[in-house]
Structure formats: structure tokens, C-alpha cells
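Just below sit the structures, each encoded as C-alpha cells.
Paired with chain B in one complex and with chain C in the other, chain A is shared by the two complexes that follow.
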Partner chain A sequence: MTILNLIFYVSAAVVLCATALAITRQNVVHAVCYLVISFMGTAVIFYILGAPLLAALEVIIYAGGIMVLFLFVIMMIKDQQSPMDDFSSIRIKKWLPAVILAGVSAIMAGVLVFADPGNRLRPPAVMGTPQEFGRMLFQDYWFPVEIASLLLLAALIGALYLGHRKDIS
Partner chain B sequence: MLTQWIMGFILLIVKLGVCLLALLLGAAYLVLAERKLLARMQIRIGPNRAGPFGLLQPIADLIKMMTKEDLIPREADRVIFRYAPAVAAATAMLIFAVVPFGDHLVLWGNRIPLVITDLNVGLLAVLGLSSLGVYGVALGGWASHSKYSLLGAIRSVAQMISYELSLGLSLVPIVMMAGSFSLVDIVAAQTKYPFIFVQPISFIIFFISAMAEIKRIPFDMPEAENELIAGYHTEYSGLRFGLFFLGEYVTLVTLGALTAVFFLGGWHGPFLPGVIWLIIKIAAIAFCMIWVRGTLPRFRSDQLMDLGWKFLTPLALINIVITGAVLLILTVT
Partner chain C sequence: MTIPFSHMLFIAILLFGMGAACAMTRKNLFMILIGVEIMLNAAGIGFVAASMRWMDMNGQVMTLFVMTVAAAEVAVALALIVCIRRRTGSTNADRFNLLKG
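Here is the complex of A and B:
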């Protein structure tokens, strides 16, 4: 079992646990936090599978963009339930998620630092550089890309129409 | 094999330690520099009691923050309230990991690159980390369970999301000209001339968006003290407030470093060693931001959104198209 395998299984476990926690939380903001952790785990998996560009985009678009908008909407519209309800239970339950996640990240960082301090280890042979990835996307798959962007444009125009304030005259 | 391992391990720890220390000291003394400069601009003297010229003021502030009581509001979401400042500070510090601060050193026949890690998606990592920094502010404000904090958090989320877009788009022409996302390659592409001469519009958009990202005056709606007390960190005290504060100033240092890397040629410069040049450039950018703070009043909320969405973002898009066209013409002819 190589280090990369180990990292894969650990991040996969983090993704599964975080997603499971995200869909079972009562408190919506906590659910958003767990979902963000799950996206970070997915980004790590993308990275070790040799797709650094996808990993970066996963963090920027999903974790940093879409989930922030979720949070924004939740903060704007939701009449908050008392957050104390979630945490009236035993003390260990409060700390367990944080401790487990911190421990897992510490172990992963430790393994990486000890196995490869000089940063000489390169992720697997099939490494999609950003240039190759972009070329493939916009030369071989330009048609699906265009269709997807047209779909997004339609949604954008729809949102603009719905949000347009009608003049009160 | 083993000696190489030990060498690499020691080097990594030394590099990390030196960078972290420089970043924290830089942030601490930037606070002092800002207070001194602002005072001068307002015809005051500024802090001058702790040590000669007030040079020990950052240490006095640190001791004050460490000894203050760490309050948590009764209604607060305790776990999120505790960790939000750490998110804000950690994302700010992590960005510096991809910033190159010099050419490689040669030590006992080994080539040591002067950057902590040279990712081939370095620029995207910077954008990703800065977009994750929003969570520190948003969750901190939400978890405080106070209306001032919540309003501050909502304002800062709206502002940071809007200006992230123009921040990212203003960097696309740089990537097009350097042909790489790696910050080391971007600096290497500027050996002949810094990109500010060919991309002045990108530079201006980046500078304004960066100021909005760190929520400094003219863009400090999230902390507008005459309506929101202190915005998202109203309920914080002691070291947790200190972490938010530290995160803000570390971001100021990293944004100065990033501006230097993207537009001012990074560590390149005549006569002096690379690290000194980078520090000079960071200080110059920081001085400009302090100067702006001493000069301009705060924007209104609608002006802020208009500037981001109706002016900077379209301008950045047009700039990308023009850059692309010029690059295409240059490669064809």
C-alpha cells in the first residue's frame, strides 16, 4: 500500500462521513459546514488522481462559491432555531467531530512530511496538467461545453427576469 | 538516502518556520506602521510610549490580548464560534505557501528553491484559499447570535463574493501572458519587464478588488462602526478577536506579496537580493493601502455593489478579450 493509496482511503472516509453528517444535521449551518468538508475531501481525491485543476476548481466553485451562497441565503431568510438545542447533550459529542477531523488531517500531514520532506514525490504518472486539460476540454469536447454554458445562460436570464423589480407606476 | 531525507526534513521545517515568523512579525509591525502613518496623516503622533518610537507596541498589544477574558455569548453556537477565527487566520497564512520569495539557493551542492511549494495550479490555490476565508467571517458572525454580527457577516459575504469575481478575472490576462498557473513561472515570465507595464488595467482592478476582499476603508461596510459596532467580530474578545485581526493583516501582507508576484516582477530587481526586493514591494503596496485608508470615506452599500458588478467585472472581461486578441495577433505574425 503506497502513501497515495492511504491518502485516498482516508479522504474517501472523510468524504463519506462528512456527507452522512451533512444530511442528518438538524441545524442547516452545521450541514453546510460538513458539506464543505466533504468537498475538500473530494478535492484531495481529485488531486491524487492526477487532476490538480479539477481539485482547485472544486474548492473555488463548490466550497468557496456555491456553499457560501447557500450560507448567505440561510443567514438571510432563516429564523434561527436556538443553536443550544444541538449541544445540550454530553460533552464528548461536541468535540468528537472536530477532534476526529483534526486528527485525520494531522496524521495525513505527518505521513506526507515524514515520507517526503523534500517534496520530491510526484502524484501518479497520469498527471493532467492545466494546459492539457483545457486543450482537451475546448478542442475535443467543445460541443458539450457550449451546450452546458447555454443552459447556464438560460438559468441566468431566468433569474434576472424573476429578480427584476417591476416599476410601481 | 537517509541523509537526503534528513536534509529535506530539516530544510522543510526551517523554511516553514522562517516564513511563518516573517509573516507574523510582518503583520504585527504592519499594524504599528499603519497606526503611525495614519496618525501622521491626521497630524497626530501615534503610539510612542512602548519602547523607542513605540517599537514594542505590537508586543504590548499581544500581551494585552492574551490576558483578556475570552467571552462566549450565552446564545452562541459554541463550536463554530470557537473555530471561526482560526479559519480566518489559517486561510490567510496558507496562501503564502505558494508565493516564491527568491531564486533558488545552492547549499552543499543541493538546489533549494525559495518557495514552500510550487503547485502547477498555484494561482487557483490562492483564489480557492481566499474564497474559503469567507467562512471564517460568515460563520463567526452567524455563530455570535447577535444582530450586529449577523448583519456584518451578511454584508461581508455579499461583498467578498462580488469582488472575488473581479479579482479572479483580473488575473486571467496574467495567466494568458505567462502561460501557467504556477507563481514561480509567472515570476519567471517577468524577467524582462513587470506585467504592470502591459496590464495596467488588470493591476487597477486587482488592487481595488484586493482592498474590497480585506474589507478595508473605503470598503469597510461589514465593520461600519457607526451602525454595526464592529460587524462580524462584535462579540469576540481576547485572543479570538486577535486571530481575526491577525488574519486581516496577514492577508494584507500576502496580498502585497501577490501583487508583487503578479504585476511587479516578484523578487526580480537590480543590485539587491530577491528577498529584499520582495519586502520593498510588499511595503510599497501596503503603504498605498494605508494611504487610501487615510484619504477616502466609506462607500455606500449600493455604490459598492455597482462598482463591483457594473464596472470592474465588465472591464475585466473586456480586458481579457483584448489581451487574447493581441496575443493571438502576436503569435500569428
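Here is the complex of A and C:
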């Protein structure tokens, strides 16, 4: 049990606890704050698993961008009559899709693990350096990058159109 | 200094299940969106773990695209929520059940 192992398991526990707290909050602002903690822990996990650039992007895009956007919209629309969810009554019809999804992914992971067992990974200090990552991204994946830029442009225009208040103009 | 691949997948699957449960069972539109975000994040952890397992950078690149799609999806979905709030006066998913505007 080295220090990297310890950091991995501690941050994994933090991520799981923060996510469990986030999905059970009634107040959406509290949920978003817990989710920021969860994404920070995910960034630590990414770094330990050899993806330092993705760790930085996780903090910048998820924790810094998406969650701030969430908070901005939540505070902008000032929702007084937020619907209350009751977790006391478990309705099987609502939970069934989630259980099926989780079960299918668990089965797939089990197959993946048991088909090739005994692999104890040695986390490298740095596996994907940003240089290597960028070279791969722009040499092998230049076309998906273009598609992603088009997708972001389409999302920008779509959000602008949907958020436009028509009664003013 | 070893972490089994199964432990990483276990974390990813737990996160995915929690996100799916959140997206399926909550009524608040924001909480549904948060559930989808958690699911995408869990997929990213799975990709990075696989990238580490097979010593291949493709998984990390895929995680970058997952992040891009998540950002685009959140922008449009939040604009839709603002639109829905303007029309129905609430962020309850059950209230938005009419096709007529």
C-alpha cells in the first residue's frame, strides 16, 4: 500500500460519498456543491490513473464551467415551487430502468475482469503527457475534433435561440 | 503500487448506477440533468481506467470527447429548462406534459 494507492482509495471514497449526498438532496444548490466535490475527486483519480491533462480539464470544464452554469441558471430562474421528491415510497416502475442499466454495466465489467484476470496495474507517474495527448488528438483524431467544434457551435446557437426572450423583441 | 482494474471499474459502475437512479427517479429537471452528468462522468472514469489497463491513449482521447459532448448537452439542456420554466412556471418534469405550446 503505497501513498498513491492510499490517495486513490481515499479520493474514490470521497467521490462516492459526495455523489451519494448530491443525488439525495432536495435543495438543488446543495446538490451542485456536492457535485463539485465529486468532480474534484474525479480529477484526482484521473491524475493517478495517468491522465494529468484530463484531470486539469475535469476541474476547468466540469467543476469550473458546467457547475457554474448550473448555479447561474438555478439562481436566475428563482424556482420557489421546486418539486419535492419523496424517497420513502419506492416505486418499482421508476427504479427499474436504473437497476437494469446498472446491472448491465456490472455484468459487462464482470466479463471484462474475469476474462483477463490477475492484472494488477502499476500506475505510472505520467502516462499520457499533454504533448503525447495533443499529438494523438490532432493527428489521429483531427476529424472528430472538427465534428466536436461543430457540435459546440450548434449547441451555442441552439442555446442562444432557446434562451432568447421573444416577447421583448 | 498496484491498483486492480476491477476496483476502478467498480467505482465507475457505482457512480453510473447512482447517476442513473438520480436521472430516473427525481422530478426536478435540474436533478435529472445532474444525474446525466454523473453518468457521463462515470463513463469517463471507465474510459480512463481502460486506457490505463491496456496502456493505450485512445481511451483518454475518448474521455475528452465525452467532456465536450457533456458541455454542449448541458448548455442546450439548461436553455431548455429556462424555456420550460417560462412556459409552465415550474421545473417539475411532470408539469411539462403538453405538446401544445
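General remarks:
Note that in this section the second predicted complex is superposed on the first by the 114 of 169 C-alpha atoms of A that agree within 3 Å, B and C clash if a C-alpha of one lies under 4 Å from a C-alpha of the other, contacts with A are read in each partner's own complex, and residues count from 1 in each chain.
Methods note: contacts are C-beta pairs under 8 Å (C-beta built on N, C-alpha and C of every residue); 3 or more make two chains touch, one makes a residue touch a chain.
In this text, all values refer to a predicted model and were calculated from it rather than measured experimentally.
Contacts of A:Val36 after superposition on the shared chain: chain B is touched, whereas chain C is not.
Of the two partner chains placed by the overlay, only chain C lies in contact with A:Leu4; chain B stays clear of it. By the document's definition of touching, both partners, chain B and chain C, reach A:Gly65. When the two complexes are overlaid on their common chain A, residue A:Leu151 makes contact with chain C while staying clear of chain B. Touching more residues of chain A than its counterpart among chain B and chain C is C. With both structures placed on the common chain, the touch criterion links A:Val113 to chain B and to chain C. In the superposition on chain A, contact is made by A:Met76 with both chain B and chain C. In the superposed pair of complexes, A:Ser105 makes contact with chain C only, with no contact to chain B. Put simply, chain A uses residues 53, 57, 65, 69, 76, 82-83, 87, 94, 98, 113, 119-120 to touch chain B in one complex and chain C in the other. Within the complex, the chain A residues that touch chain B are 27, 29-30, 33, 36, 52-53, 55-57, 59-60, 63-65, 68-69, 71-72, 75-76, 80, 82-84, 86-87, 94, 98, 113-114, 116-120, 129-131.
Here chain A touches chain C in the complex through residues 2, 4-5, 8-9, 12, 15-16, 19-20, 22-23, 28, 31-32, 35, 38-39, 42, 45-46, 48-51, 53-54, 57-58, 61-62, 65-66, 69-70, 73-74, 76-77, 79, 81-83, 85, 87, 94-95, 97-98, 101-102, 105-106, 109, 112-113, 119-123, 127-128, 132-133, 136-137, 140-141, 144, 148, 151-152, 154-156, 158-160, 162-163, 165, going by the rule given at the top.
Those residues of chain B lying in contact with chain A across their complex are 4-5, 7-9, 11-12, 75-80, 83, 117, 119-121, 124-125, 127-128, 130-132, 134-135, 138-139, 142-143, 145, 150, 153-154, 157-158, 160-161, 164, 168, 179-181.
For chain C in complex with chain A, the residues that touch the partner chain are 1-28, 30-31, 33-35, 37-38, 41, 44-45, 48-49, 51-53, 55, 57-58, 60-61, 63-65, 67-76, 78-83, 85-86, 89-94.
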